[in-house]
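Shared between the two complexes below is subunit A, which has subunit B as its partner in the first and subunit C in the second.
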Partner chain A sequence: MKRILRGAAIPILILLLWEAGSRAGLLPMDTVSRPSHVAAALVGALADGSILRATWQTVEAALLGFAIAAAAGVLVGVILGLSPLLERTVGPSIEALRPVPAVALTPLTLLLFGFGLRMEAAVVAFACVWPVLLVTVAAVRGIEPRLLEVAQALRLSFPSRLRKIILPAAIGRVVVGLRVALGISLIVAVTVEIVMNPRGLGYGMIVASQSLKPELMYAQLLWLGFLGWGLNALLTRALGRWHGAFGPGMQP
Partner chain B sequence: MRESSAAVLSLKNVSVAFGNAAARPVLSGISFDVADGEFLCVVGPSGCGKTTLIRLLAGLLAPSGGEILFGGRPLGGTSRDRAIIFQDYSKALLPWRTVAGNIALSLEAAGVGEPERGRRIETLLAKMRLSHAASHYPSELSGGMQQRVQIARCLAQQPRLLLMDEPFGALDAITRQTLQDEIARLVAEERTTVVFITHDLEEAIYLGDRVIVLQSNPGRIAEMIAVEIPRPRNQLDTREDKRFLEHRHRLFGLLQGR
Partner chain C sequence: MKRLLRASGATLFAGALLLLWQALADRQFISPVFFPPPSRTLGELWHQVAQGQIWAPLAATGYRMFCGWALASLAGVAVGAAIGFSRAAREVLEPLLEFMRPLPASAVVPVAILFLGFSNAMTVAVIAFGAVWPVLLGSLHGFASIEPQLADVAAALRLSRAQAFVKIAVPNALPDILAGARVGLAISLILAVVTEMQASQTGLGQNILLAQRSFRGPELYAGVVTLGIVGFAINHAIMLLERRLLRWRGAPA
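Then we have the complex of A and B:
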């Protein structure tokens, strides 16, 4: 508790100075809203449900894109990790695609899917798939060869080998890629909304900004930070429990 | 006994070479039989191809020349009839599974379902004196205990042939002696055929019915002796037995390269 208070001291101090400076007329009201006004806007947006609706739209697209990327990245990553030959064949194509900025695909996905959830999720998936894929390839390649020999000596079928040896041995590292991807998913979803897609928190901020309601924009920004923090905390807890299942021998 | 039809395993002029054909073979002209229920030890200096030999027998590696027969048929690839115990037990166990879970792996592979699986695990845990550690993870165990888990996992397969690659090489002297006696007792009970690789000449004589000495460059059989010391053996008397000392003197020179 004491540590939380210590950590909160600086933000609270800044907010107080900010509020005082604003009331004293030292800050331009049309760009830098007063903290109390921001709080009021946030409460208002929560009360009328608009920010929750927008949050759901953003989170929905981010999670859908993330899920697609996680599934595809792990699947392809395991295959490429197991087959160096295939990796050498596909690797250059991956390296050519990877540097394309995901957001630059927004116009293309707009043509393909139109406005809405699908185009946003597609861009998120493109952005998120790379960290998952690359980490999975490395994780599978890094599996102790002795374990694969044990599987070979026991003549485990490929599905059991995958389920009992390869995935559990790789999961500790794959999780790192998943965490990175989840962080990216929220960033990309909001970016797509700001750039083009008329839905979610990103679009909400654009509207607030253009209709000269900076306090609402700040409220959404604050809310977005809180959302990112919450998602990461949730994932860390979920995966922490997952690690626990592998016992103390598993150092992620 | 040799060249007889009772041989579980039979090698005929087996050779292994890595890389180009001009390279010196790792193993060359290896021929021997292993009889049913026999405990065969292979001893040799490091780099003589001992591990290559055991990998051949496990089916993890194919010979470049010659023929290996297992149960009268050409040995092709791995089989659950042949279990291999690796020296590096810490790498061969699944760190995310408990002791019981690790033993269960080979029963799962063989398609042994519950409740039979649970019963067999219980028996093996008791036999390997691991019952108290059943729910522990490998990383929580000493090296000797971890190697017991690997042995238990291999015994769970109920193999016809047990292949051991310097299984006690990384253990301290006391643990090693205890495990030597335990493995000798276990395979005698189960009448399992064993090929046991070691770099320790005394261990080879102490455990083996026969001892093969390998020499390096290329790896080849330098000498093959029948130990002929009665069982059960024990750490004190057997090691002071006249025949034990004779074998030791005779083979010692070979390992030093004379």
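Then we have the complex of A and C:
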């Protein structure tokens, strides 16, 4: 409790100074707004459902892109992890593609898909696939070789080898990559909306800013902060439980 | 010989990818305006290099990225060191930092526009805000994780606080700081592109956007390729710097 109080001290102090400065007329209303107005704007946006609708649009694109990236990253990662020869052949091409900033692809995906969910999800998928892919390759390569020999001795088919040996052995580390990717997905989705896609929270902020409603813009920013923070906390806890369930042996 | 064979395998694969792209584009399933072949994309890139059109936007983007990154690195190291060195500061500031860290840096673009307008200062501020977190957290962790034995050594040698800081704390934190700076540089490039697109500042990001708006496919793809090369180059440059600055550590632990 004492720790929470100490941590809340500075934000509360800032808010009080902000409110007081604004009421005293020291701060320009059209840029810095006022905490009470921001709170009112947030409540209003929650009440009329507009911010929840925008949130869903953003989250939907982030999750769709993340799902595509997770499926592709794990699949290709397992294949490359199992075959060092293939990995050496494909690796340099991957290294050449990876540093392309995902947002640079927004104009390109706009040409290919037009505005909407698909172009946003495509950019998110491009950004999210790399952490999943690289972690999966490393995880599969780190599997105890004897396990793979056992699979060979049992003459398991590839699908059952994948299901019974490879995925269970690698998943502890793959989850870490997935967590990183999920964090990236939300950030990229908002970025695409801010840059060009007319939907979701990012676009909402731009509209609020350009129609001179700073209080609404700050409300959305605050909401976005809570969203990111909540997602992060949720993932940390889920991952902790995961490791707890599998014991210390599964930790990366 | 074996290395040569390996390299040729990788080159063959990259070549095959390019050929596939060329073949797909030549079939024109998708209009070449949206999906130009690599021959025209690379031709456009070569044209820009030969005509010298590429340097001005490249320099503008690079300059902005570097300013924001340098600002972020300085602030991140300083704040991280202060927080990492003092327990009290850590307890007071950590929750606030934890809240701000996952905030998408691009989300502060509208706020920055409101305060600074469509200016260079706005782009640099946004880049610095986004790139500061990895450096700050790296620096915080580096300064907070000094081994107790090293602290004992410092006490036994009767080092002053300043000496202990320079001789023990800084070398201890340097690997974490550099790792953070590398991530920060990648973020800086992304944010430079984002802010250029959003705030119509000249640069590679705006070039891509303009190419898209006027349906100049090859130029758009050439811009994306350029950004990929820039990202690759800065990542390798800072990795080289890392290796040189951390040479005293010997083999990486």
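Operating definition for what follows: the second predicted complex is superposed on the first by the 233 of 252 C-alpha atoms of A that agree within 3 Å, B and C clash if a C-alpha of one lies under 4 Å from a C-alpha of the other, contacts with A are read in each partner's own complex, and residues count from 1 in each chain.
Going forward, a residue touches a chain if its C-beta (ideal position, glycine included) is under 8 Å from a C-beta of that chain, and two chains touch if they have at least 3 such contacts.
Treat the numbers as computed from the prediction; the structure is a model and nothing was measured.
> Contact-wise, after the overlay, does A:186 reach subunit B, subunit C, both or neither (first, second, both, neither)?
It touches subunit C, and subunit B stays clear.
> Can A:93 be said to touch subunit B (first), subunit C (second), both, or neither?
It touches subunit C, and subunit B stays clear.
> In the overlay, answer first, second, both or neither for which of subunit B and subunit C A:147 touches.
So A:147 only meets subunit B here.
> Hey, is it subunit B or subunit C that touches more of subunit A?
On the superposition, C touches more of the residues of subunit A.
> Could you look at A:168 and tell me whether it touches subunit B, subunit C, both or neither (first, second, both, neither)?
Only subunit B; A:168 stays clear of subunit C.
> Is A:156 contacted by the first partner subunit B, the second partner subunit C, both or neither?
first
> Across the two complexes, find the residues of subunit A that touch subunit B and also touch subunit C.
Subunit A residues touching both partners: none found.
> Which subunit A residues qualify as touching subunit C in the complex?
3-4, 6-11, 30-31, 85, 88-93, 95-97, 99-108, 110-112, 183, 186-187, 190-191, 194-196, 201-202, 205-206, 208-209, 214, 217-218, 221, 224-225, 228-229, 231-232
> Considering only the defined contacts, which subunit A positions touch subunit B in the complex?
Interface residues on subunit A, with respect to subunit B: 144, 146-147, 149-150, 152-156, 160, 164-165, 168-169, 245-250.
> With touch defined as at the start, can you tell me which subunit B residues reach subunit A in the complex?
Subunit B reaches subunit A through residues 58-60, 78-80, 82-84, 86, 88, 91-92, 94-98, 105-106, 108-110, 137-140, 157.
> Residue numbers of subunit C touching subunit A in their complex, please.
Within the complex, subunit C contacts subunit A at residues 6, 9-14, 17, 30, 33-35, 91-96, 98-100, 102-111, 113-115, 186, 189-190, 193-194, 197-198, 204-205, 208-209, 211-212, 215, 217, 220-221, 223-224, 227-228, 230-232, 235.
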